[in-house]
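Before anything else, here is the set of structures, which you'll find just below.
Here chain A shows up in two complexes: once beside chain B, once beside chain C.
The block that comes next holds the complex of A and B.
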């Protein structure tokens, strides 16, 4: 019974929103807006649900004295402090901006820099691990794109920057990207239809 | 030495004794009693003495065809039994008669003269030592009682007045009655005939012992005299015998009862004298029907005789059987027709079954065995044959018991696993792996000076030097771009076109990138926004990423400080749009409703930057700054239809270019600035160096070093032996 109700609601909402795109009647438009607002509110609430789950998991780790519990303590304390400061000072406050610029931004940027080092190291070890044609193709493509992205300190390489890189990025990569986009579009359409028909029930019992 | 059988207990006594040594019955004739001796004429006797034991005649006492057997108390009739019949009583303490199919016991060595007799007559020879067990069925007792109540008991069978009849085996062969001796020629036939049990309509009824089937009181196993001795037979027999015609075998066969025995009541010819008891028995049988002939007409065969009759099916017609004349008087139609269902396939009579009367059409439906039987003959003969019903005669049609069909011996499967050599090797390897899972192994301590760790440190140091050295020294080694990307030029043209972006026009900028990629995207978007702010554009900043509003504020402070834009005056931060694509659609449909206030809580749509703006189409330009292809696609798909033809520009990361470039080539996006190179090109094009220019040498040096490291590592790996590759260790810490 529960599954039937949820399926009926999903199909009805989907049909109403879809019909709102084709039939510009005030009733359908307003109904679509209402349903869309509900979806946005639920998404925002989901952010808080995720936040609460994070606090619960790490609190349990602290309570059970699991390995790495100290970091959980730091995380929970920082989270609560930032939340309370944001609620009290508002996000536009310079303190809140400083917290973001001094903590979150450098941390994420550093992780990206480490990723650069790791990718280079992995490329060095690639042929050591997998010595096959695909590995060679992968490395050659990466080198060509890197050399063609920017001029080298001693100057541009004529063929790479003018011919090879545009060919790789605008022909080969674009062709693959378009194929992926078409596949994504068809998949989204099929998924929408399956949800409208009740074949897929990502929200419910199956 | 002659012996005398006691008429009461049936036991034999030595000749000459006056009374039975066992029961004390006197062997002297009773006063007034008349013993019947061979050759004497039958004398009518007064049977009033039997009236006392006469059962009340009633309809219930009559036995009719088809009546179920009813036990009756016949002890009161014991005194009415004739002596010859009493002699037939077996002694319970004597062993039972061997089965007919068992071979007869060898004759004693001292009795050579008896060896002359056939085996089936050996019983008569051994009558001194063998006592037959007799069990008289109820119907026979009832019949006797009826005969006695009619007062027609044979004179020779009226105990105790009648002395014991001499045993047949004691008679010399020449003293035997003539009719017995004449039967000697057909003794084989008679032997075969009397050796069969009779069919009784009642399945509970037991057939008479064979020795009781003879009217003389001797069993059929007793020797039958070969020659008739006219002078020694009773008168009533002697009068019957001279004129007795002996039936040919065919006629005798017709006169046989379905049970196979001799049938028919000796019927006297007109004018002849017959014993009263025989006439009475015949009359009663004719009037009431014989119980031994249920299906036929009124049975004319006394049950006494019919009980020992055999089926005619096995009668050998080639043997010269001479039947008495009284047998010839039995008409074929009087003899009950043998029921087809009463006989099995081999002619044997199944006494436990009631003969079934099948309609002709059912009989026609019965399958022909020769057609149905597909199994080999030898195999089918071992199968059980159906004895009744429409399938009678067929073998192996039905299982012997419910659930027991034609079982077949199941095939034997070897329990030994049939595995190839490769499978065995793989199984052994799997066993080792599984066994190794449970064993605790010491993890190797990662060495600070291991080859891999050293290599990682070398790579990191090279990259850091390549990036930090140009920035720290301020040198510009990398040359400027020789050309501009067309998508960047298109974006610049849009920004610089007053028709598209008039002065002081509202512009919507979406900051949808993560802080990790802020260095690239800030350098790419800064020259475009800087160029835009020269037109006095009023900015509205929005983001679908929670950290987007902070990044937007940072961008404005870090890159556009030159323009001295302040929040709430020249630009307004609309904050975070929850819901991803749904949030974008919601904002595209009704921006004031989707983002009504600023992160500080002020009414965003009442601030100067958003003056006159109520819907998405009121913005003159949409700039999407994103590092994700999905986010860029969501903006294009959800918001482009609400822009009312306003231009869309995208500042994207280099990693998202392949996925978002098709939107530029399709015309849905009017301009595209890609990565640091695009920002550098834009700065170069507007002649305003910024972050792109500052990062350009470091960026070029980093790319160059990276390419060198990759090429060197690839060559080193290709030059190395494949066998020198170390297995992948998960224990290594990054």
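The block that comes next holds the complex of A and C.
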């Protein structure tokens, strides 16, 4: 019974929001805005539930003395300290901005740097893992774009920098990207319709 | 109602009609799909995970439900449900990680229903569905320990990722675990093509449900996507032709 009710509510809300986009009567538009506002509020509440889940997972790691338990202690303490400071000082306070600029931003930047190394390594392994024409094209294209973009000590390589690279990025890559994006948009439409029909029920209903 | 709104409504109506018709048709005859090697290998990896008592990890990415990337998160949740149904009876139930609070709650819900179905209401561990981090890189940092330390033998990365997905693929490669990856993000697709064992390209993300036998509607929606793609191709060609002869 619970499943039927939740599915009926999901379908009804989905249909009202969809109709609100296409049929611009004040009633439907206002209803759509109200439902979307509720969704945003619920998402914010879900964030707190998610944070509680994060604390629970890492507390269990500490309690069970699992590998990396020390990092979990640091994570939980930092999370609680930042949360309390944010609630007391408000997010726009200079101290909170400093926490973000001095901790979060550099850490994420260092992960990005680490990713560069990972990607170079992955590119080297690519031909060993998948030895096919597409992998060769992928790597050759990457090298052409790299050589055509990088500031080289002897200046731009003729043909590569002024002819091949723009052709690859502005014609081939742009066409491929648009093709993929059209496919993704059609997939999104199909996913939305499956949920509207109640065929997909991503809310745990049987 | 202007003509773009009308065209949008027409597209949704046509897709809905086609999907209902094809779903009814698919109930009578089993669908036949183009072979995608990644899904065949996923089936083997699931079998191995159940047999050797290791764990399946489904990474749902950082996309939220109130963002334009919600469709990829929802597609990921469907795959999670189906994979959880296949592996919940194993020694170690699957684990799901996400970078959005609402998606984390839904993943817990999916895992709970699946686990209770498989074990006749047995004890469900709520930490099997986790919020790993709220920014893309903190999500990657929170997911890496799951892939590395929790006896995971197969990873399914499905949802909205950024380039940080390269770190996840690298971790899986170092652990020697199977990785199937699918995302709606173009830079992440390029990164995963280089780094992941079995990358899916473009809309193959939305085909995952059909390939893991999630129901007739998934097979029908795949056919609808194919029909709409051909219509888009014809529209583009017609537009180019009209432009060439100076009518547009």
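We take it that the second predicted complex is superposed on the first by the 186 of 206 C-alpha atoms of A that agree within 3 Å, B and C clash if a C-alpha of one lies under 4 Å from a C-alpha of the other, contacts with A are read in each partner's own complex, and residues count from 1 in each chain.
Convention: a contact is a pair of C-beta atoms (placed from the backbone, for glycine too) under 8 Å apart; a residue touches a chain by one contact, two chains touch by 3 or more.
Only a predicted model underlies this, so the values are computations on that prediction, with no experimental measurement involved.
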First (chain B), second (chain C), both or neither touched by A:63: neither
Touching partner for A:43 - first (chain B), second (chain C), both, neither: both
Partner chain in contact with A:121 - chain B first, chain C second, else both or neither: both
Touching partner for A:54 - first (chain B), second (chain C), both, neither: second
Partner chain in contact with A:152 - chain B first, chain C second, else both or neither: first
First (chain B), second (chain C), both or neither touched by A:200: second
First, second, both or neither for A:108, with chain B first and chain C second: both
Partner chain(s) touched by A:33 [first = chain B, second = chain C, both, neither]: first
Contacts of A:181 with chain B and chain C, given as first, second, both or neither: both
Chain B and chain C footprints on chain A, overlapping residues: 36, 39-40, 43, 47, 104, 107-108, 111-112, 118, 121, 123, 125-126, 129, 177, 180-181
Chain A contact footprint on chain C (complex, rising order): 1, 5, 8-9, 11-12, 15-16, 19-20, 23, 64-66, 71-72, 74-75, 77-78, 81, 100-102, 104-106, 108-110, 112-113, 117, 126-127, 129-132, 134-135, 137-138, 140-142, 145, 149, 163-164, 166-167, 169-170, 173, 184, 186, 189, 191, 193-195, 197, 201-203, 205-207, 209, 214-215, 217-218, 221-222, 224-225, 228-229, 232
Complex interface listing, chain A residues touching chain B: 33, 36-37, 39-41, 43-44, 47, 90-92, 96-97, 100-101, 104-105, 107-109, 111-112, 116-118, 120-121, 123-129, 131, 136, 139, 142-143, 146-147, 149-156, 169-170, 173-174, 176-178, 180-181
Chain A-touching residues of chain B, taken from the complex the two chains share: 455-456, 459-460, 463, 477-482, 514-519, 546-547, 549-551, 553-554, 567, 573, 577-580, 582-583, 585-586, 589-590, 593-594, 598-601, 633, 654, 657-659, 661-662, 665, 675-677, 696-697, 699-704, 706-707, 709-714, 716-718, 720, 722, 725, 728, 734
Touching residues on chain A, where the partner in the complex is chain C: 18, 21-24, 36, 39-40, 42-43, 45-51, 53-54, 56-57, 60, 66-68, 71, 104, 107-108, 111-112, 114-115, 118-119, 121-123, 125-126, 129, 138, 177, 179-184, 186-197, 199-200, 202-206
